[in-house]
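Chain lettering (A, B, C, D, E and F) follows the sequence in which the chains are written, and residue indices restart at 1 in each chain.
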Amino acid sequence: MTDAWLTSLIVPTPQDGFDLAVKLSRMGVKLTQPSDEIRGKLRAAYEQDTAQLIAVSQVIAVYFQTIAAANNYWRS
Amino acid sequence: MTDAWLTSLIVPTPQDGFDLAVKLSRMGVKLTQPSDEIRGKLRAAYEQDTAQLIAVSQVIAVYFQTIAAANNYWRS
Amino acid sequence: MTDAWLTSLIVPTPQDGFDLAVKLSRMGVKLTQPSDEIRGKLRAAYEQDTAQLIAVSQVIAVYFQTIAAANNYWRS
Amino acid sequence: MTDAWLTSLIVPTPQDGFDLAVKLSRMGVKLTQPSDEIRGKLRAAYEQDTAQLIAVSQVIAVYFQTIAAANNYWRS
Amino acid sequence: MTDAWLTSLIVPTPQDGFDLAVKLSRMGVKLTQPSDEIRGKLRAAYEQDTAQLIAVSQVIAVYFQTIAAANNYWRS
Amino acid sequence: MTDAWLTSLIVPTPQDGFDLAVKLSRMGVKLTQPSDEIRGKLRAAYEQDTAQLIAVSQVIAVYFQTIAAANNYWRS
């Protein structure tokens, strides 16, 4: 993973921040399980499992908190 | 999901902030499992499962923390 | 839920802040499972389950963190 | 629970802060399961369960974070 | 536990901060299960259980966050 | 573990911060289970377990929050 995939936390809107939080939550999984094939199979399973969907949602929430602070909460 | 659904974290009251936190917690799930039909079925299950209800509550709590900070805690 | 149930995060003492944190933790569950009857049944179950009691305690802890910051930690 | 049990987050040392964090983590459980008898039984169980001991430790960590901030990290 | 075991959160390097976070994460368990013998047995079990190792890692992460803030992130 | 492995939280880019967060999340596990051999076996298991991959992702998220704050969110 030598490509640059995260050059800034600054994004124009809260919604962009949310999208970035989703991206970061997935990257955390990708770095631990780099195989696209295995992740694809695993994804098919957890998409049907509410406990895991909620756990993913929790990870997104923590990243969003970081990104929101970085952007000074898009206050003005 | 090209529509704008999150244009600001600034809301007039703590209660509005809580409602927004609930919305964000659900959006995290929606982006991972986009099918309304599957989410509907899953929802019927986890609404009866306290462990998952509490897990949802935890996600809401983290989003509320972010939103409260964004609004300077509605201090006056 | 059109009634105002959360008009301020500012409370006079840390203990009042703790009580508010408990209230918010319950409201997160209530908004996901609005039926008083079902919640009553569920409550009877999780009150005997330490893992879930601890999970509730975790949610309260996050809300308390937010409320404590809102009140500038009641530093005087 | 009408007695005052939490009048301040300000404590002289980090260790006192840790003790207060432990107290708050227990109070969160107590408010959800007020029966001393039931809590006593439950405690006997989770004291042997590492997953739950770790979960308790997580709750303490969040309260400690709040208390440390309240005391400006006892920096001087 | 009348001995002073936590007199300051201020440590010279991030690595010392990490070590202190590990210490605090263990102390949270120790205060809930004070028996060295029982903890020893439990430890033998969870050291083989990735879910619990990850949960311990999460607790350390929260303490490290607190300690890093206390030390102003060792910025210079 | 007497070698210096964490001398600074300051890194040039968000992506470097993410890599450091991954490193810290692994170190938390390593300090609890120091055996490379056992960790290797355990890793083979949890790489196939989405619940644990998500849990790892959560730990990374908390470390990233700390590192992002340390770097003032790489704001410019």
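In this section, a residue touches a chain if its C-beta (ideal position, glycine included) is under 8 Å from a C-beta of that chain, and two chains touch if they have at least 3 such contacts.
Keep in mind that what you see is a predicted model, and the values were worked out from it rather than measured.
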Shared touching chains for subunit B and subunit F?
-> A
Chains in simultaneous contact with subunit C and subunit E = D
Note the rotational component of the Cα superposition from subunit E to subunit F, reported as an angle of 0 to 180 degrees in steps of 5.
-> 60
Does the subunit C and subunit D pair touch with the same residues on each side or with different residues, judged by whether over half of the numbers are shared?
-> different
Centre distance in Å when subunit D and subunit E are each reduced to the mean of their C-alpha atoms = 16
If you average the Cα atoms of subunit A and of subunit E to get two centres, how far apart are those centres in Å?
-> 27
Could you give the separation in Å between the centres of subunit B and subunit E, each centre being the mean of its C-alpha atoms?
-> 31
For subunit A, jot down the residues that touch at least 2 other chains.
-> 51, 55-56, 58, 62, 65, 69
When you draw the chains as points and link the ones that touch, which shape shows up: line, ring, star, complete, or other?
-> ring
In the complex, the residues of subunit F that touch subunit E are 4-10, 24-25, 27-29, 31-33, 38, 42-43, 45-46, 49, 51-52, 55-56, 58-59, 62-63, 65-66, 69-70
Which part of subunit A faces subunit B closely enough to touch in the complex?
-> 13-15, 18, 22, 47-48, 50-51, 53-58, 60-62, 64-65, 68-69, 73-75
